[in-house]
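Several structures are given next for inspection.
Look for chain A in each of the two complexes below; its partner is chain B in the first and chain C in the second.
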Partner chain A sequence: MKKVLAMVLLVLVMVPVLFAAGKAEAKSNYEIVVVPKDASNPWFVRMKVGVDEFAKGTHHTVYQRGTPDIDATLQAQLVQDLIAQGVDALCVVPVDLESIEPVLAQARKAGIVVITHEGADLENVDYDIEAFSNVGYGAFIMDNLAEAMGGEGVYTTMVASLTNGSHNEWADAGVAHQKANYPKMTLLAAEKRVESFDNGDVAYNVAKELFKKYPNLKGIMGTSSYDAPGVARAIEELGLIDKAFTSGTGMPLDNAALLESGIVKSLTLWDPALAGQAMIALAIKVLDGEKISGVVDLGVDGYTALQFKEGSKTVLEGEGWIVINKDNVYDFGF
Partner chain B sequence: MNKKRNKLVVDRHMFRLIVMIVAWMIFIAFTRFRKFYNLVNFQTMAAQFPEFGLMSLGVMLTMITGGIDLSVVGNANLTSILMAYLLINMTDVAGAIPPYAIPLVFFLAILIGATLGIFNGLLVSKAHIPPILATLGSGELYTGICMALTKGNAVSKFSRTYATTINNRLFGLIPVQLIIFTIMALLVWFLLSRTVFGTKIYMLGTSATAAKFSGLKTDTLLIKTYLLSGIVAALGGMIMLANYNSARADYGTVYTLQCVLIVVLGGVNPVGGKGKISGVILAIVLLRMLETGLNRFPKISSYYISLIWGGVLILVMVLNFFTENKRVRRKG
Partner chain C sequence: MKNRLKKLTSRNEPYIFLVLLAVCILIEIRSGQFFSPNNLVDIASAMIVPGLMAIGAFMVIVSGGIDVSFPALASLSFYATTKLLLDHNYQGGVVLPFLIAIGFGALLGAFNGLFISYFKLPTLIVTLGSSSVFKGLMQGALNSRQLAVIPTGMREWGKKALFVAKNPVSGLTSRMPVAFLVFLFALVFAFFLLRFTMFGRGIYAIGGSEVSAERAGFRVVLTKFLLYIMVGMIASVAGLIRVCMMQQAHPTNMLGMEMNIIAGVVLGGTAITGGRGTLLGCMLGTLLIVIVENSLILIGIPTSWKSVFTGALIIIGTGVSAYQVMHQGKTRSSKGKKQEVAQ
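Our next item is the complex of A and B:
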């Protein structure tokens, strides 16, 4: 019996070698797989909502597949499995840039279209989609702050640290946008930029001190996801609700109470569901052989006028920012 | 008599594993034939399992002595990080490394792995710390050193020659990783079944007290076993270094439990004294096939992978309990 089983095993292993030859037909139905950092993080559960929605509206086979734990090696192996399976396109949100690079190289060598998200520094990709350009997002935060402030008054900017690249670009862009569009607003000359060190308590203390020191200060533009929520606590404690304002990046559920009570009018973010859809739409375009150049329209909200990042041939930037306010705070699941 | 019984039990185990593999392969053949049965897929699997397969061999050796090695991943990462730094130093401006570089890093990796293994062996034999705690501690220590060295960042930017050499396929067919694994597996098989050392560690695992009183140098035996475990773990690390073209303190953190799972699934008795390398290799193959096969089903969430592994492991242990008990009862 054992020998028989061993033989069967051997035959089963040999079969693929024989069958490996006959393959390759022209396709009209692509198999496109989205690989997030992991399957259980609410951020990527939300991404799956978008992917599933996209799958319903297309004749292509589209699905999201993540690893049970967030782990660079597991993700690399999953991608390898998908390469061996012969999918047409992979849309990856990498856990770790270094370890995924050789695997993505294997994918491209196998003729698979590779689209990534939050992987602007990757080399072995067809394209990388970023939700927005730093300049665009900074201006967007400023629009939200200006709206809350009624377009007038003194404000300042807060970043995680003065050395943080993207935060400072957002803040710079916000200030530039204010100068061009909101002439009645002025940047606090004495302290143009303060640091929160990506910490809600620091943001709270710094904001409290600022409001006490400069009674005419009316608004603080936050960048890190701890800034605006921290500032909001200071506004509440000092009894400045509806007298002082803040806006900036923030996660919905963490800040639901702040938004509902009106201490913060709006927070800004991007929606992973849309980012997932944008990756798939771009993959289909590439598979169809469309030329990707100039301004790219993917037909997904916020990704209708993608532009190449300056000096890059692979990184596309959208306008995928969204406003989170008391009306939609519970729509995202994170 | 006793030896014969052991053999029977182990064979029963092998039989069960083969049945599971065949059943799974038939199931896949009926449901996802073309997506599973192609050469590339088998080459991919053969390149994927050596990194944790090697670590499993280490866990197996220590478990045969009645111990365990939970530091394999820490060992692998520390070795690969140190070798990554060395490779960076050897890479010239054109991105090339001298021809002796690859043999040299493998030689040094073996030395480092052996040293880390000896440290475990000393903790277990001389300091009498229970192996599970000793290696859990040393594993944390090795990972901690990795973190301190790298500050949590990936170490990369060394010549791609290293990765391409190890990721290559011999005659365009057999992955180099598989060859490294096969060599080590044969070596371990030879040590276990054809040398006095092998017989002695089985004896040690069966009864440490009896082994001691029959004049075996148990301390030396343990140190040698953990040394071997250290070497295979380090080689696993070198394969990870190639597969991911980088090294990092937290690569492969899931492998620790996976290795224990494989070894127990492969029929190695967690109390020691029993277990064959063929069982462990079958378990490695089964696990990889299960995971790769499951990835062929878009509808099945990857959460089920953990569920299936846990289920299979408990099933095997329960089956073992009943078959072994039946034998004991019949004997009594």
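Our next item is the complex of A and C:
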């Protein structure tokens, strides 16, 4: 699951400009620190790009500080140091939920605003931001597949395993979305869901079998980051380019060759740079004493209509997914 | 003639062959696709990596041990090879990568061989430990993650086709990878080694009885040591071929495949206690597993029942083989015949 979460997305960073104007008359100057899982992982290097952009467009002191390695203990120490420095807000992407929890409690006791990302189960936070809801993301992957398939034809779904929680939620949501919006598409009745075991080779072999057995199969909705690249290999080898299509999650650089050759039209992901900016924007709102309720607009792409997760008072879900295609595949640095 | 028939029915290969044929016909009836040219090529190409692995696993089992470390060994050596070449921005052909991988494989195989032959520790225990060590080295020292981009030479070689098979009806095409030649070469090499060299006969003799082999003059320690080096080399070649074919190096994808490989070897009539078994049977058994694994959708087995079906096949198949081998042993000793080494 981590692996999937750790995948990425893309960005257009025009937001800081808006913020520069909007924040100009804020009363005080806040110090807001973003603490990622580590400083060297390309995912968080990308997050820093977003944070730095944000810093340029605001009069608040905003910066990102990470530990050299992914290490829960080091991250907890870093957060404690920042508490001692008396910063105004902490935006944390936790390495380990359990070990960060008591430290975040200390921070809140010290009057620091705590915002997290990918930490939906944390208790000692003001708010946690998730890039999207599982239902929303599933529908988004389906939109992507439907676009490639021209909105018609037979398709099936692929998950890492039938017991994987979020993959199956994405696939279910994708199918529901198709039924509601793409009447000319049909789910392959004989094989509604196949497994790839998070293994590109399995995805490849399964896809070959599916295309052989069901000649009218036109699309495979992938979920794990191994699905679409594996299916793409099968499409290419079987000579089905532009006749069969796939979609799913994928890291940009890993799939650059596939996207450029046109075997895969587009993949989906979320952009850590935007997630970083959303955390800061929310922190400023909270520090300004704004009431966070209903639909929240942070002025960051994909985070303009955040909604509380059902049954939760702290977890906000956005629509922070992005499409990666041959035009933007090199924009992210990972 | 009667004798011949009797000899044939007392062996395992004919049964496996019949089962194999039955499975193929079943798939053909259910899908109408099995005997299409592109499907046969798909099966052959899916056979390359498990086939190579099975050759190594087979020789170890014949020598009386069970090696469970070969996927981890292969993963470590292909990962180290690919990473090394990427770090040096290697632009050349595929020969150097193979030489490096074979080198790593020999080294890691020697590590296994050292403990198994010189310290006389049980193979299963040693390889359980060494597979953890190999995995740990990969994750710790090499900080492994998926390498989505592999050196150009390896990528191109992996896509190179001996020929392309086309299904005349559906128009689907499949590539027969050049790597298939490597598999054939390894197969022929292993066949001659096991049948015509003292080293090969030694492996059978050791599997039959280590003490007798020693008395008969085989250099048991050296033979076993060399055997594990060779198995390491074969596994590494298989690993690197898989990387080339998949166009990416994933450090953990191969782990766990040892069970199906060993099952295939035993399915082919190799005595799990060592000393008896044929390369032909081993290949038939492996082929059966590969075909079944890659045809469940063609047969129309629902995804949720997939593992039940494969599991049942392994139990039934190996059960028949084991029974056959046991039965064979009994009739032999009851007749007081000289114990022959089946080949």
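Everything that follows uses one rule, which is that the second predicted complex is superposed on the first by the 307 of 334 C-alpha atoms of A that agree within 3 Å, B and C clash if a C-alpha of one lies under 4 Å from a C-alpha of the other, contacts with A are read in each partner's own complex, and residues count from 1 in each chain.
The criterion applied here is as follows: a contact is a pair of C-beta atoms (placed from the backbone, for glycine too) under 8 Å apart; a residue touches a chain by one contact, two chains touch by 3 or more.
For clarity, every value in this text was computed on a predicted model and none was experimentally measured.
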Should A:Asp327 be classified as contacting the first partner (chain B), the second (chain C), both, or neither? neither
Of the partners chain B and chain C, which touch A:Gly66 in the superposed model: first, second, both, neither? first
Check the residue A:Glu209 against both partner chains and state whether it touches chain B (first), chain C (second), both, or neither. second
Quick one: classify A:Ala39 as touching chain B (first), chain C (second), both or neither. first
For A:Asp297, is the partner it touches chain B (first), chain C (second), both, or none of the two (neither)? neither
Touched partner set for A:Ala76, first chain B, second chain C, both or neither: first
By residue count, is chain A touched more by chain B or by chain C? B
Partner chain(s) touched by A:Glu101 [first = chain B, second = chain C, both, neither]: first
Applying the document's definition of touch, where does A:Glu53 land relative to chain B and chain C: first, second, both, or neither? neither
Partner chain B, residues of chain A touching it in the complex: 1-2, 5-6, 8-9, 12-13, 15-17, 19-20, 23, 33, 39-40, 61, 63, 65-69, 71-74, 76-78, 80-86, 96-99, 101-103, 110
Show which residues of chain A lie in contact with chain C when the two form their complex. 162, 190-191, 193-195, 199-201, 204-206, 208-213, 215, 229, 233, 237-240, 251, 253-255, 257
Touch list for chain C against partner chain A, complex: 31, 33, 36, 38-39, 42, 46, 146, 148-149, 166-167, 170-175, 242, 246-248, 250, 253, 294-298, 300, 302-304, 306
Touch list for chain B against partner chain A, complex: 11, 14-15, 18-19, 21-22, 25-26, 29, 34-45, 47-48, 51, 154, 156, 163, 167, 240, 243-246, 248, 250-255, 291-292, 295-296, 298, 301-303, 305-306
